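Shared between the two complexes below is chain A, which pairs with chain B and chain C, respectively.
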Partner chain A sequence: MSIRSQILLAAGSVAAMLALAPAHAQDSIKIGLILPMTGGQASTGKQIDNAVKLYMQQNGDTVAGKKIEVILKDDGAVPDNTKRLAQELIVNEKVNFIAGFGVTPAALAAAPLATQAKIPEVVMAAGTSIITERSPYIVRTSFTLAQSCTIIGDWAAKNGIKKVATLTSDYAPGNDALNFFKQNFTAGGGEIVEEVKVPLQNPDFAPFLQRMKDSKPDAVFVFVPAGQGGNFMKQYAERGLDKAGIKVIGPGDVMDDDLLNGMGDAALGTVTAHLYSAAHPSAANKEFVAAYKKAFGQRPGFMAVGGYDGIRLIYEALKKTGGKTDGDALIAAMKGAKWESPRGPIMIDPETRDIVQNIYIRKVEKVDGELYNVEFATFEAVKDSGKTKK
Partner chain B sequence: MTTLFTILFDGVAYGMLLFVLACGLAVTLGLMNFVNLAHGAFAMTGGYICAVLVNNQGWPFFAALPLAFVTAALVGVALERTLYRHLYTRSHLDQVLFTIGLTFMSVAAVDYVMGSSRIFIKLPAALEGQFDFFGVGIGRYRLMIIVICGLLTVALQLILAKTRFGSRLRAAVDDPRAASGLGINVPQVFAFTFAFGCGLAGLGGALSAEILGLDPYFPLKFMIYFLIVVTVGGSSSITGPFLASLLLGIGDVAGKYYVPKMGPFVIYTIMIVILIWRPNGLFGRAAAR
Partner chain C sequence: MTAASDVSSHAIARARWRPAEIAFWILALSCAFLFPSRYLIMTDILRLALFTLSLDLILGYAGIVSLGHAAFFGVGAYSAGLLALHGIINEPVIALVAAGLVAMVLGFLTSFLVIRGVDLTRLMVTLGIALLLEALAERFSNITGGTDGLQGIEMQPILGLFAFDMFGKTGFFYSLIVLFLLFLLARRIVNSPFGLSLRAIKNNPLRASAIGVPVNRRLIAIYTIAAFYAGIAGALFTQTTALASLDVFAFERSADLMLVLVIGGTGYLYGGLIGAVVFKMLQELFQTITPQYWLFWIGLVLVVMVLVGRERIHRWVLWVPNLVIRQLFGRKAVVAVPESDAP
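Presenting the complex of A and B:
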């Protein structure tokens, strides 16, 4: 190809893009979905992406006369990428929402951009309390760690567990989990007999578990990143902690529906507090689980529910504003929104823009040959205590 | 006192596992002078083969282990003949670039085919749990690792030191030109050695799934550990990496038990101290080639 024809081609394609762009921008509403689709957090990204697709299949891709267009970007859970992608989406693609965010640093990295561009940032996964305080345009549909950790602390103290050894991964969410648990558990009269923080990249739990066993607690409180929960449970059983009568308690992240079946019977009897179980006995959830299984061949976990509710919140807000995409109007429409999610009744707190939801105490049991978190107690309308205590 | 023995036992099992995973690297790096950072990818291959056979095809665990070895070795020999061969004479930088690229490709490929979440291999009931031996808790699975890896080590040492193949290999490494002049088929010896190293990694990968966890990032996560074993042990023999693996395994487990706050650094501290004391590793050759 000669240089002249290359220039002509380039000029032609630029002209074509310019001609297409404005027509495109007017009649569609764009959602920039930034998720970790590769790397260690990829299962989070895939679940949310699936759930968003499912919701749009079920409810159509038009709201208030406008077509919804989702642009998926992979940040690999690296905050620098998140920031760059969010900027590209806002400046080049002119998106009306940014959504997703698999981990806390990613959600925080995008926060100043949401403030500057005055567009809603819908957090569908990341769970640290401070996130919603970083921009008046952040709304969360997932959970905060404080919600499940304080509840399991209260529950343990009231249900005959006196001495607890803790094993948490040494990173921000792990430390959060530990502090919230400790605060409520010791306030309820419990005692922490051993406190171990394990490195995040930890290949072998054996020495830490031996330490747990030797300190003879009633229960072990555990918080490790989702993927490591299975290894932990297997080694817990291998070392005979279950036979020594030591229970496992924790926030439900460790017993994610996504991974539960792979853990084997070692996980039976584990008690966790969490916002969602695929076994939640409501009609809305049964329908959701069936549709999700049919579409993607596996059961949804709590990350999928965060994504499902997130896209629903965007749809509802657009309905209220009649398709107007003014950021402040959308945030106003999202505040106080209430609906029946697959996880149960939820609400967006009008003051904090954070989620208010039921936290369930569940026990791992075998249902039809598969492992499920079966709910047996409910704490209703739990707010994020990370904020209310201030 | 019994706790001390349990810790020691866990440490030995962990060290043995490290050894089987890393000794292939010691062979390629030390004997063939080739930097193969993709070593972990072969371990991962073995691990996933074993997982698929046991979980999906219903094979017994002990039948799947040899197949993990064979498959990883076959993949190894195929890659050696097609790709690695061309890099033997290139600089170490080229080798590093090539093999790290291969590692990233393997990570992406496994992520695509098998998904990114961690997988487990269903173990026979006989291997689960712990039994009491004079008050010392002995994990059945870890005991099996020690037995298998111990036998392998003895066999390896015998092959290298006593057999004709071993002497050919050592000759081919010391001076490839003279060796081929004596009628030794040097490329064949290297290909076979490389395949064997990959096979061992595959076996190690299958054995380690239970303890270290198996996901597509395995080759990257454990590359550091393999390299530590080889640098600390020195790469001129099998004994060096073996002792280094045991030392690191026991040091790591004991460090995490007794000083959990320092846990992750113990293994690095050991490495730094040993390398200051003996820069070429425990059994390194005095001068570089």
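Presenting the complex of A and C:
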């Protein structure tokens, strides 16, 4: 066999590699947007990508005289991909921001790079409290699970729910959700009767749900990442938990707006605490929802809002620095930034670089024939209580 | 000439280094200087190449199919990660070998299961072993970090001299050297009488045992060696990325590996290396063009590749170079399509 021919093949491929080497544009500001566009978390990636595009359509792609260029990369929510892509974006494309990050492990994998390169890492989705502590260059525009879980814990204890079974995904955000809920719920006099952790990848909820049904709780507390909620509710109804009078409560991830309408009537009456509902009654939100629906033909979820505010934060910071891209100056500009987002008023906490926002208690109801999370109580300016350094 | 000396002279002729092979490695080394901004993707290719080399050893030479080769990759990756994380072995090279040995032990133990069946059974058994390990890693998340992965791995400098840098330069040269050394070893193995006996087994196990080749022992040996190679590839992954999470065991990793080997061709060692280059370049190309739908395009290319056939693609690729060579050096010098691919 001829090995020479193979080598020529390889040479051809190497030439292809050359062709891929990026061309460097002058005087533009580059944002490396790393999202899961394929695989189980693809819905998160798509929402954020859409929202970023929408914001740039509405507000133009020039800030402080510089052109904004977004480079989208797909990491499939696999942390080693995230790390390699972030590294390549920083080293080869010389990006001024890295942003996105669909899941916590991905955000954590990129943290040391942000520190080393001294560029802001804008987390638009991942929701574990520790993320912002991993690098002084991390800023978050999504949420933390502590924010919504402490509130739903208090609410449940005060509203006649005595016994709760929990079902959470077995990874960092799931554990955060469980711990903060438990802490506040038991402090309020509630009791956890069953605690179940399900694997993050391709979970089958059915056997767990049977166990929950048998333990006869007043409600199940559920945290699964955005995108798995639909599957959960389907199996919840199939196993007859809704008929058994067991309510679903939790942070709003399980009732994500982009899946909610497909869940059917089993979802009616579910009470969750969360940062955003597409039914949020404000002018800013109505405008946002209408524009999003028009552009992409579907309802925006909380991930889309995280992306929308994330890109806005980058714009605001650049306006403040006058287009200067020094990482420390940008982070300083981001600290304390506040505005009226579609979700309500938000601010970047100057101390933790995490988001401060309203948390709403919502109930799933039918509005004009569609299911919506209708807000009925508001907790204003909630900070993340999950930081290890107080 | 007796039959024995004929066989040995043939074997020696096969084992001789060809100019083209030397050119291949010089080319690989020169990539380091040609594309200094692409170390990370090149390191990725090297790791995949080493991993594929491992599969080629069992599939291409001994005919053992496997859909669970990620098991050894993952064990190597977690071993290297845990060794570094807990400071048990700080020196990366020693840790690399240790991680390889752990995978090797696992390979030895599971080889008894694998040699029992034929192709379909083997696919199932290897797949099952990888799934088992993945589930175990998930279950013992206090050791493995579960879905979050091992956090906070910090790699010490190689041999105490070369620190891993952000641009991946050290990682690239480290991987290249490891790949080259292990390639030399693999080359030695497949051209030895042991390697030849493996080919005999692949062609016809019954006949091989009739002429006195201890079939099962040979298969156990090569499977164990391949596990060592895969373990090293996994350890390289952890050491160069400072990460290890559940997806090191993922089925996709094993399946991709099979694809890579199919693209490159089995049974001549370079198949894995070339397949890795082609596969990663395609992936990178399509991901750059369309981050959302790249899977579609890569699937399409693979289908087309198989339909058209590798030998024809080779001929197309070689058409222009051969034209030049023919003009310069005459008809005899042209580069032929590999025999194994000729229709």
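By definition in this document, the second predicted complex is superposed on the first by the 356 of 390 C-alpha atoms of A that agree within 3 Å, B and C clash if a C-alpha of one lies under 4 Å from a C-alpha of the other, contacts with A are read in each partner's own complex, and residues count from 1 in each chain.
One rule holds in what follows: a contact is a pair of C-beta atoms (placed from the backbone, for glycine too) under 8 Å apart; a residue touches a chain by one contact, two chains touch by 3 or more.
Just so you know, these numbers come straight off a predicted model, no measurement behind them.
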item: Which of chain B and chain C A:84 touches, first, second, both or neither; value: second
item: Dominant toucher of chain A (residue count), chain B or chain C; value: C
item: First, second, both or neither for A:201, with chain B first and chain C second; value: both
item: Chain B versus chain C as contact partner of A:234, first or second or both or neither; value: first
item: Touching partner for A:263 - first (chain B), second (chain C), both, neither; value: first
item: Touching partner for A:57 - first (chain B), second (chain C), both, neither; value: neither
item: First, second, both or neither for A:38, with chain B first and chain C second; value: both
item: Which superposed partner A:72 touches (first chain B, second chain C, both, neither); value: second
item: Which of chain B and chain C A:159 touches, first, second, both or neither; value: neither
item: Chain A residues contacted in one complex by chain B, in the other by chain C; value: 38, 46, 199, 201
item: Interfacial residue positions of chain C with respect to chain A in the complex; value: 18-21, 23-24, 27, 31, 34-35, 37-38, 40-41, 44, 138, 141, 146-149, 151, 166-168, 237, 241-243, 245-247, 265, 268, 270-271, 273-274, 277-278, 281, 284-285, 287-288, 291-292, 294-295, 314, 317-318, 321, 335-341
item: Chain A contact footprint on chain B (complex, rising order); value: 3, 6-7, 10, 14, 108, 111, 115-120, 122, 128-130, 137, 139-141, 210-213, 215, 217, 221-222, 225, 252-257, 260-261, 263-264
item: Chain A residues within the chain C interface of the complex; value: 1-14, 16-18, 20-21, 35, 37-38, 46, 49, 72-74, 78-80, 83-84, 87-88, 91-92, 104-105, 108-109, 112-113, 116-117, 170-172, 199-201
item: Contact set on chain A toward chain B in their complex; value: 38-40, 42-43, 46, 196-199, 201-204, 206-208, 210-211, 214, 227-228, 230-231, 234-235, 237-240, 258-259, 262-264
